[in-house]
Amino acid sequence: MLVYTIKRLLALIPTLLAASILVFLFIHLIPGDPAAILLGDTATPEEVAALTREMGLDEPIWKQYLLWLGNVLQGDLGTSVFFREPVLKVIGSGAETSILLATMTMVWIVLFGIPIGIVSATKHGTWVDQVTSGGAMLFASIPTFWLGLYLILIFAVGLGWFPSSGFPSVSDDGGWTNLRYLILPSLTLAAPNAALIIRLVRASMLDVAREDHVRTARAKGLHPAKVAIKHIFRNALIAVAAAFGFTFAALVSEAVVTETVFSLPGIGRLVVQSILRRDYPVIQGVILVIVVLYMVINLLVDLAYARLDPRVSLK
Amino acid sequence: MALLEVSNLEIAVATGGQLLPVVRGVSFEVKANETFGIVGESGCGKSLTSLAIMGLLEGSQVRITGGSIHFDGRELTALSAEDRRAIMGAQMAMIFQEPMTSLNPVYRIGDQIVETLRQHRDMSRRQARDRAVELLDLVRIPEPGRRIDSFPHQMSGGQRQRVMIAMAMACDPKLLIADEPTTALDVTVQKEVLDLMADLQSRMGTAIVLISHDLGVIAETCDKVAVMYRGKIAESAATGELFSNMCHPYTRGLLNSIPVVDRDVEWLEAIPGRVPTIDEVLSGCAFHPRCAMAEARCESEDPDKRDVATGHTIRCHFAEVGSA
Amino acid sequence: MTSTPLLRVTDLHTHFQTGGGLFAKRSWLKAVNGISFEIRQGEVLSLVGESGCGKSTVGRTLTQLEPSTSGQALFNGADILKMNPAEFRPLRRDIQMIFQDPFASLNPRLSIEQTLTEPLFIHGLAASRAQAREQIAETLERVGMDPRVMQRHPHEFSGGQRQRIGIARVMILKPKLVIADEAVSALDVSIQAQVLNLIKKLQRDSGISMLFISHDLGVVRHISDRVAVMYRGQIVETGDKRQIFETPQHDYTKMLLSSIPRISERVA
Amino acid sequence: MTFIASFLSMFRGRKLAIVGLIWLCIVAFAAIAAPLLAPFDPLEIDPVARLSEPGMPYLFGTDHFGRDSFSRAIYGARMAVIIGLGSVVVALITGGLIGMLSAYFTRLGHVLMRGVDVLMAFPALLLALVLMTLLERSVTNTIIVIGVVYATTTARILFGMTLKLKGEVFVDAAICSGAGHGSVLFRHILPNLISPLLVQASFIFAFAQLQAAALDFLGLGLPPEVASWGNMLSEERIYVTRAPWLLIFPGALIILSVFSMNLVGDAMRDSIDPRFKDDIAGV
Amino acid sequence: MNLKTWSKSAVAGLALMALSGTAWADGMMRYATVGEPPSLDQHVVTSDLATTIAHHMFEGLYTFNAANAPVGLLAAGETISDDGKTITISLREGVKFHNGQDMTSADVVASLNRWGEHGSRGGLLFGNVAGVEATGDHEVTITLNEPFGPWKNLMAFINGGPAIYPASVMEAAGKEPIAPENYIGTGPYKFSEWQPNRHVELVRFEDYASPDGAADGYAGERKAEFDTLRFIPVPDVGTRVSGLKAGDYDYAESIPGDLYADLDADNGVTTILNGGPIFGLVFMNSKDGPLQDNFALRRAIQTAIDKTPALQVAIGPEGLWRANGSFLPEGNIWHTDSGAENFSMGNAEKAKSMAKEAGYDGEPIKFMVSTNYPFHYDKAIVYTKQLAQAGFNIDLQVYDWATLIEKRAQPDQWDLFFTHHGFVPDPILISVMNDNYPGWWTTDEKAALKAKFTASSDPAERQAIWSEIQALIYEQVPTMKTGDVYTYNIASPDLKGLGEATLIWPHFWNVSK
């Protein structure tokens, strides 16, 4: 398995290279100059040009790319144009928020998605199923910012149960209780994703329920609940595992809207703001990190497959 | 007293708000140590009959609409779900057509046998595992101590069917229902599996209900045979009697349709027409559109069951004691 | 029956790659591992064996559905294995295939007429729809179907009827060689008999050659002139059908024959 | 008209899906007849009437420009349909072709699907953001960007489905009849993909609405003056307490429409070839 | 663990987290900003947000009192030679930098030189400076080529202005903003940390040496009451408002006008108006395109526009905006009405005939606007409609701010663009006065007046010259003012010492909670 993992990681390199070139090109094609953002509205074009030169942003793109690539290979993602801090540090503080948020969201998804999905599948065709799967679909149809807006109004401004926004790091005063800042955003994010998981669990379980071995299990005289959990859900988990992996990856990167509504210092908002500020090194760094994350999760999903499904062998 | 007594069993499928009858008035009995064969073409209702006896129709679109299933002194159709489960897998077990898919692919075969044992017997994990090794040995799996930790996909089709048999026999059931147990297997493997079943039966005295479309398999293994057509038993007799004295035109047609390996036949005597689908409404004898002997009466009147010899019943207006 | 072989297969190998990738070592499944046989004009040769023995791969290789690894297959003197798809295309008319699963072998989206018209147009056997329709009607009648069913779609037919349509699609091209891959295995016994009779009759009437691939020894005895027994990618025994069934030489053949459940034993 | 009959038969016994279908018909009607239905010009600014409460003559009230929300909502339906259909067309044509050709021509597929993999490694929304900043805000660009995002998943799905169909016996049969690549692809494979594609289209249509709204929210979607439900929400979101109607109506319209489309897609999915069911994500 | 106990413990954990919120120590002030400042280096960065944070830790020689008059901060006093060319400034003694070093004239000279060379507004003064010298440990002498009237205002304006950094920091500094580890100043708060994307944090500087005198504007005594000032970027305005109401922030800036009435009536919120209004500007291209030197056509455009409806739509309540043509607001010493009669005529018919006379034949006029500032966009939409009514063919191009900034540097890309300007205490600081600012207004008339304006030090004379310049702006129309906007911020009622209005940037010395 170790050999397999190493092989897979090596196989990532060409994809990563292609991705990084693509990102670099895309980003540098966007009009706008970070120097101008930095200096502000009163700066004259001459001043901007001078700073651009000083920051080395007037070099040809291929030269900048090679320079960047060389640094990346040495583990240096460069320095943020805007923050004047190492990109890794900038990403690091965003990553804390994003990963905690994604993890917390996954907890909700597992907590709500799986039991409801199982109930929905076992009560297939009854009103329980109709309510749960209909409800799930409804939740998946709500724009996240709309939901977040109202959650803040009700639970933060109105009832005062949770903080409205921001996330002052678990290393700040308050420590782990600062996670309460993430409750509303994680619920907002969980709503559509849990809905997807509910529907996926339900659909995969219905598929598995049709398989012959389930009949065998029933023929043993097992209790229906045991059949549902041990024989149907366990097998359905193979299909659901991949969804979990990719949901997690998506949660880290696609939480932009939620992070904006709740003003969370996460990776998603960092990218959006960095795009607006044309902070090239940060955008490149974040996307590179996310692509790596996506690929690592891809790998983990495959490893999980091998764990969950003995028929899969890793070669 | 028969171990299993099925009388006037009626089964229907619910589709589009209506109930389509698929098994009608099926009756038979099976005694301990006896093999009862049910033979017929696809859609004749033989598999549904077996699932109904086992109690596996629950939760599907198919349901029992009439008749009774009496097993070992109890009326199965009247039992609570919990009581039925106590019988399923313990006193009555089943093996299926598809050995490739009938075992849960994610669990080791040993664990799947242990699960059955611990469901019905008060056994420790250790004891159950030891017993599982014994069972694998019983079904002639080589190196059972090692193979017990195999996953289903690591075994061949024949071996998987043996595992299924081991699992079915785990709690010494009184009745084993085998639904096309060898259809998916090669002939050489089929022979081994059938031999194994016969061997186990002779050792344990289990009654077997064997469902098959293959007259050859039935002829070789069963004591009694019922030939089903369109949800009804067309003809039923002891095996020797049936094959030497076929009365129903369908039974005869079926036999003549089979190309045999022992002699050359220029043209097969095929039954004309096609197997009716379940949603077709047929008046009178269901076989009449394909029957060479059919008359006006067959179109309008559904023949009743009648005896032609001791233990030999048919449903046909004409058939007499024929010759093979 | 003439004695010139229509098809002569020599040392055919078809191997599949089962593993391998950027870094993994390649491994091969030798599905067909060096077989040779010939089929004469108007002759039915059966290829019999158990699942996984490679018999179906032989048929698929000869119709270029799978690429061969090595070997030769001379059809009317030309090596069809060496041809590229374009060169082989005209020959497809002469080498036709009947498939096992009558439910899968017809495109569910096309009407029977559309399915049967296509090969006619491809091979230039009909100039107009009307002409095609004439030929289709004629062929459908030959396979025992009412020509009026032309407008219908596959889901409106039973398995037996579909297999007849499948046979019609083959026969409409008037091929020289038909490869039947488990052509009747999926059918109910009573229907199987009808279709077997039909195939036998068509074969006799038109004098085509046939490679009949099957696992069912009874069916094989019924339809073949000669039989080749396959085991693990190789032919272990070839011979006249009477010889194979009555005086089998190879142990494997003997074991196969002895495994078949027989009604006669019980009846006697 | 068997097509319509078979389409309607999918909804038998699905009351909720029928309600969804009816709602979508209303949206479609509003989209087509917007100029006739809207009582005001959706772009007409009236500083005097700004932030009017719902009532007469402004059914849904007015926004901070004093524009009639009801008229904007009706034109918003038009925009929803345009965005939805546009994204579907872009995604299905580009993604569909890539997926189909990749599955059919294995060697080409090796290259193309690798490219799709690279694109898929980019988070969808970030890809959309970068592209939207690169291009400028316009209806066409929004459609292209959302279409491209879903083209990758569509390519994946079609790749899998085509691969399955390629292994079908009837494809072998067609090849044995002498059918060429074009005929196999477009006559034998494509028609069997139509109904799963329709289902996929319905889900893309639904997701495109949410994706477009998210882009509008981030200020990188449609030009802000365009009357779309997403813009209505995004531009007026600060008025959530001051003028709640400005968020409730367009929000409800988006939710209802996406929900309806999902219901319809779901109903359609349940009636397609079970082989392809797992391939289509949907909700 | 079975499902039931699982969900039970989850609920319990949730409740624990909800209830155990630590009450924030009163020692911290949390400020919700509109975004992240580009850098806190006051020399080169002109962002108001940067100054809002930075003026707590960096100080200049001078600052403004409540009447917007420049008074000493680090400077103890100054003498000016009779010819007005030599300025000798004495520094306050005992002032310490955050790194513990004493502030001396060497630091001031180094800071002024770097500002003069690289600072955004330094050029305005240093174009006229012959040299800066340390003439004592706590004395600095500036030599001018010509007398320069606005020198003290320029020195007092900390935004883009001459903050005093240690000489050691200045040695290595160029055009590039200094890095956070070099944020060393003399102010009441010192730099603590900048967690990108999360917050900028300042802490009290214990060794702070406060100027004497009662607090007056930014002048007088400065006392750091908080342990910590935390500036948290909250770009979404709705979140800023909700967050302040929910008690997550003590202060939130830049709130939309339409919410003013509700928030002002809310007991849980204090509203604080900004004293100096900001104003939108529509620049015209003097270097390229149809407007290049066609002043008549520019005047036609100016005539077509009625500024009031745009202000209504973009800002809302009457009290928060003024359709005021003077570049500096009423009550300010620079207020003048000259030329202002042309400010907002809104006469489509007249504009049409003026355009015709100016030779306008319907060619497209490219109008760039960004959506990053909603009020730019809202006003641009209204103007576009008005201009269309007057027969102008306006091609409205909507960009994100970064793109707009890049495009406006290219003369062939645009004819009009929208931007805004913060309140400045001296008209020389208004961007249109800068010849190099996009639009590139460099007519001879402007050059002559500007020279006179900077040479004079007499307040009354300078005022008079400014009113001539303003009249020229309305005649040549290098830019169109769009009206004054009084922005406001909101605060928790717990904050004490905020005052009624903010001078330019909010400050939190002498403020507590």
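All chains are identified by letter, namely A, B, C, D and E, in their written order; residue positions are counted from 1 within each chain.
Here, a contact is a pair of C-beta atoms (placed from the backbone, for glycine too) under 8 Å apart; a residue touches a chain by one contact, two chains touch by 3 or more.
A quick note: this is a predicted structure, and the numbers were derived from the prediction, not measured.
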Common contacts of chain B and chain D? A, C
So the chain most remote from chain C by C-alpha centre is E
Could you find the two chains linked by the most C-beta contact pairs? A-E
Centroid from C-alpha atoms only, then distance chain A to chain C, rounded to Å. What do you get? 53
Chain B to chain E: how many Å between their CA centres? 89
So the centre of each chain is just the mean of its C-alpha atoms; given that, what is the distance between chain C and chain D in Å? 47
Touching two or more other chains in chain D are residues 133, 237, 240-241
Once bound in the complex, which stretches of chain A touch chain B? 211-213, 215-224, 231, 234-235, 238, 308-311
If you look only at chain D, which of its residues touch chain E in the complex? 45, 47, 50-51, 64-66, 133, 136-137, 219-220, 223-225, 235, 237-242
Under the definition above, what is the set of chain E residues touching chain A in their complex? 3, 6-7, 10, 14, 16-18, 20-22, 24-25, 32, 35-36, 38-39, 44-47, 120-121, 160, 174-177, 179-180, 194-199, 232-236, 238-240, 242-243, 245-249, 372, 400-403, 405-407, 409, 419-421, 431, 434, 436-438
Show which residues of chain D lie in contact with chain C when the two form their complex. 168-170, 172-180, 183, 187-188, 191-192, 194
In the complex, chain A residues that touch chain E: 30-34, 36-48, 50-51, 54-55, 80, 82-85, 89-90, 93-94, 97, 107, 111, 115, 149, 152-153, 156-157, 160-169, 173-174, 177, 179-180, 183, 260-263, 265-266, 269-270, 273, 276-278
